[in-house]
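Each structure below appears as structure tokens.
The following pair of complexes shares a single chain, chain A, combined with chain B in the former and chain C in the latter.
What follows is the complex of A and B.
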């Protein structure tokens, strides 16, 4: 009986990240399509952020955070992130990346697209690309999480997505290394794919997509070959940081 | 690349999940099916034969690929809707059509079973009768399945007593004349025949001899006790409240719409408050809410309280007359209660769709009923729209937010329907609803409680009645005040279907732009709002744009009412009166029908006319000015032209006072005056000459205002009621050009339209504004003969209904509502 009832009078769509039904509209923001308990366990980055790396800031007078100041300003990549990498965000990234819950790319990507719209609305972005995986790793995982996110974002923002960067050598998990090691391990790992027309690339305003921002070194390394190729502008977006 | 494809599909399916409700999809399919079946007019087998293979194909596709579920459901709904409608339409035929002749007025003895409780209004009682047998002389026909609507006139108190024994299910025998319901006789008029067709009624039975009604066997209808209860409650209301409040409450609480004072009802509908008068979600909600909290107070569990209410709901529906809106809200409420009892999920939108499917399957004609359309459309919009819109408002009070959102949405949705069906939408409707609906939220439970409490203590009962009367008095004052602002009650021309579709799209877009989290929201909001305003503006201004000149002789029965709409947007009304011939005979209390209210105002409203530039009153007889009072109250008039006589009679005096009060300039027509109305159009007054009046003060036919209207190259002569002497005077005084269209004077009386007159004017068309079966014998056969001799095409409002002549610079074209002229 209950089954029949639920066929005729179905429950609303479940929350993006769990199974709780949520009354919402398809044209509502991802946040509104989430259940209250998930909302509680996410920590969205609102308010003032570091103008470079997108870290949430307490003092409004500083526009660039301490970490970014220590870096050479020529390597700065403007980045924005959606949520803090803790609580539900950490779990969701786990499910998405390591347990192969590919469908999570949709709410995550849509949410990121909303942030892109919020921060980069006035920027003439022309192209979306993503942090590449080494072919071995891609084979192992079956998909590139950044690529999936980039595809969802591109659909939502109406921008083309293109694989521009390739990873030259395999690096091992960043998480087991110290800060200095991480910075060094990545040096010159990425280069521009030789299938890309450099003249065309020079015209682009590029958005790089990744899932998590830790120190920003990955994104800076990604930006390096692009800068050398003289692209117009480089931005990046990550889901969590 | 493969990843990309899969991902995209996944994404898309995710987006569609909002449409997961199968019943909503099913009912959308059903709407389409019924609508199409109504347009195509094919047999049910046709749809079954065509639809089943398509359905099976989709079914196969669904089982093979696991996709197309929604298509499947929608298609099933479509198929069911089309077949159900076609089946119903096939069965909706009249057996009486094969037996009876439309023209004769033979008295048939009709035997049958009463199907509805007789409604008494004035001295006329109306009910539906399921005919078993009809008989005339020795001829007898058994009728298998046909319902007619019967009107019987009561004469004495004995009759009234007898009427009370006629109940649902009573078998009666009564002599009746049988006739077809009339179709619309005026543009934009009410098509009673089409209306009754949708109720499967094809014949009207009329009887004046109530004493000859014989009751063959009394009722054994299972619901007759409810009818009796309803009558009893109505009597109690009558006892406690004065008119018009008693009638109003009978309508609001018991669903007796006919008990409501028509004038009051009109005021309500003018202000868009009709939904209060018909029992609907508001009432059911209030009652269920009251009972529920009462039961919880009494210590019942929620489930038991819900169960008790569920048992009593059908009774309430039957008690209040089981109209479409109350059935809708009862089914929805019932589903909510069932869900409460079993602790199931409540999806209100699906419940709405569920009751839609049930109602349409029960009677597919419902889909074309205005009340039905309004109740479903508004409820659907409210269910979806209120919460998000209320959330968007930055107001502190939750209650104010809610009622603002409800009123806003209800207006946005009902606006196109109201102007489509009723051509009139008041700017004050929003305000009226916002201010007055809360009062009715108070009145309804109070008045109901009063009636219930009365059983226990009649003092408390009448105290409550006094309080309710007071609140009603306040609201009525408020309504009168709002109604008096006639500038705000605008006429809107009937919009096209394309406009309706555009309106629907833009409204949804506007809603999404407002409450959705879309990118470039400001741009979307701006575009949507602009589009919306343009659409409203178009609807408002389109009737003012240049079009062709139209001259319409309205069918007002015995009398004249002529409307001229010029290409430049000017409106000239010549006379407005008349009465229906049939109503005249055999009644002790003769009530003159206000043709201003019944025909003239509705026509002007239908045409989107908002003011009258020239009002010509040819002379003061009632069949020419009887409806002008209503007209003047409803529309601003710029100038009145009449003959120079002093007003005679009460009606004319009252009218002149009203004109004076409103400051309308009144001129006496003076023969010889020529005025240019606009480019290509002028009029010349030929009669009367103020210095040589022909008539007495109470007999002014021969001083009717006569004018010659030149439209492009065509000549129209308006004659009022002038007779031979006036014709003679005009002929001697003026050299007239050949006339294209002649209004035959004095409804075709033999005293006018002389041979000399016709010989001189040589008209091509003659229009006679005359009532069917009038007591004066107009038009005179001699006049018809004279017209015929001069080979003039004759148009008669009694035969052709309203006659419209459309002028273009190079030709004119005559159209009539009922059939064409040979």
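What follows is the complex of A and C.
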């Protein structure tokens, strides 16, 4: 009897992004497992978005945003993001990626999986991969944030994760460079790992996972070697943009 | 036979060769914690063989290394740091040294027993034995993850992660502190203490000479605790000793640093908090958040623990042990509080904890005693925007006395509801603002309130301490809510009457029912006022001019 009662009125648990207690069910959405003030500081992307990069658009806009239209359409990667990169999202990414609070991969990844289900439900995805780090960086940081997210998403969506790409050069801090310099630094840094069977890879519909979408150049660079390997389709998902 | 660990094998080779001792390498591992555990438990499990071809140092190289080591030790002494933090410190101090040389330097210091080391986190077979060596957190805060640095399953501590990641495969260094005992003149801005302050600071000076290790100072809000500590700090600095003032809140650090810099113009006063530009520097007075104190070992001869009852310091074993670790062998602790927990008062009465009470504010006026009011279905009325006569009366008297109102409510929802209630019912006020922990413009809003640009601030307990404005009146709405315990109520009431030029401020507790904490809070303030009166402090004449 008591158990049944508890499922109706669950005990408070800490909010998944701070310590405020929240009453929520284990199976409810990530949004409902958050406290009110966290909810208020996240800016979820709902409603119409650019059909390419997933940026929020107003109703009257065209289906593809100005930035995307300036790009060569053969390099387009269909991307969707969960929230805008401001407020609490910025803080949470800071804790997760730079402070190394790895457990945040779970709520972030589950939330991303919800978005994947929302946007990519009708797409025959077959495989999840992630933006790789250079081995030196990986050794220093101890984990790849995109890989952790990919693992959580894979469990929720029931799709396998595979490390397909490798980063060949180290690209140093991007923040103080101009847009052009960044693009140049990124060019041809990714390559398909030689442990991957090309015949198998050709059959795949791939979802690439990353934490933040800034200009999209990282994801487009990731897609380049995959396109050369003739994979069927490429999509991507990031937590924030 | 002795076991040693090495992070730079060439150093061991040279060191023991010079001592004429024999040495053999046993095995190699990518994880510091694994090596540590092997030595601790002597579990003769199979490990990878050591297969590197290492040559000892040449004579010149070796002498060079010794010099480097001396230079680095000078900077690192008395610190408790993870490898990544040692690197940050060395970089901040502009020491040009490669990571490889730094490893050799640390290895030499280890062999010379100037540094002790542990893995950041120990995780043996038994869950109960898991511990973070930096912050003492137990398995509740430790998480096993796949680690790309050591390529193994490796544990990390989530409890002290805001400092940096403490892990099994990374070493945590405890650099022993150098003793400097020299007389040095200390310059202090002259300050006037009231009779009450002077008496307490005498008591603290006596305590520093005595045998006891801890002292409780119960001083009411607005008593002038910084000034009272000055004679003690000066005394220790003049003997070449170092002082740490630690607090659970960054706001307090920001507030104290300029005051102490003004009081001790020649001393190096450091402000340590996450992201501070003073991190990794040296100073004789260190003002630090409680977590930053975890980065020191046995250096301070006096640690002042401010607002010791405030979350998360009180009842937090880890931070408590951190403070004890940062204390020198003969060091002393002064606990400062305006709201001591019950058990401490009991210890103090039984003589187990030497203590002093300062029941009067620096200006000599009594503490404002709260008035208790009850209102039925309070929050329902707020929600439906029905009139609440008591609330209106409170606001009327604030307006009449040309004051500013601080209204405390239990939670975020109530902030919003009350703000819209006030907008509807109070015509005279057009600048009313709500603030809670995650309001992005929080600092800006508080500044506006300080500048008197806001007439009313509605907030949660986050502002129960710290914010003081001269013309403040306080109303606690829903004072019967469990978040408002006795200490919180006293702190909130303590916002009122801080300036000697405005003593008309009032404190009202409005609730649906009278609770024990409200009654006890009122009782305590009555007690302190009567104590002050008995000791003759509540008179203007009692002040030194």
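Here, the second predicted complex is superposed on the first by the 227 of 241 C-alpha atoms of A that agree within 3 Å, B and C clash if a C-alpha of one lies under 4 Å from a C-alpha of the other, contacts with A are read in each partner's own complex, and residues count from 1 in each chain.
Just so we're on the same page, a residue touches a chain if its C-beta (ideal position, glycine included) is under 8 Å from a C-beta of that chain, and two chains touch if they have at least 3 such contacts.
A quick note: this is a predicted structure, and the numbers were derived from the prediction, not measured.
In the overlay built on the shared chain, the residue A:13 is in contact with chain B alone; chain C does not reach it. By the touch criterion defined above, A:143 reaches both chain B and chain C. When the shared chain is aligned, chain B comes close enough to touch A:152, but chain C does not.
Contact with neither chain B nor chain C is seen for A:168 once the two complexes are overlaid on the shared chain. Of the two partner chains, chain C is the only one that A:41 touches; chain B does not reach it.
In the superposed model, A:32 makes contact with chain B only, not with chain C.
Once the two complexes are laid over each other on the shared chain, residue contacts for A:106 go to chain B alone; chain C is not touched.
Of the two partner chains, chain B is the only one touched by A:117; chain C is not.
Set against each other, chain B and chain C touch different numbers of residues in chain A, with B touching more. The interface of chain A with chain B overlaps its interface with chain C at residues 102-103, 143.
Put simply, chain C touches chain A in their complex at residues 143, 145-149, 154, 156, 158, 161-162, 164-165, 167, 412-413, 436-438, 440. Put simply, chain A touches chain B in their complex at residues 1-2, 5-13, 21, 25-29, 32, 102-103, 105-106, 114, 117, 143, 147-148, 151-152, 155, 157. Considering their complex, residues 3-4, 7-8, 10-11, 14-18, 20-23, 335, 339, 342, 344-347, 350-351, 354, 388, 512, 515-519 of chain B touch chain A. Chain A meets chain C in the complex at residues 36-38, 40-41, 87-88, 99-103, 138-144.
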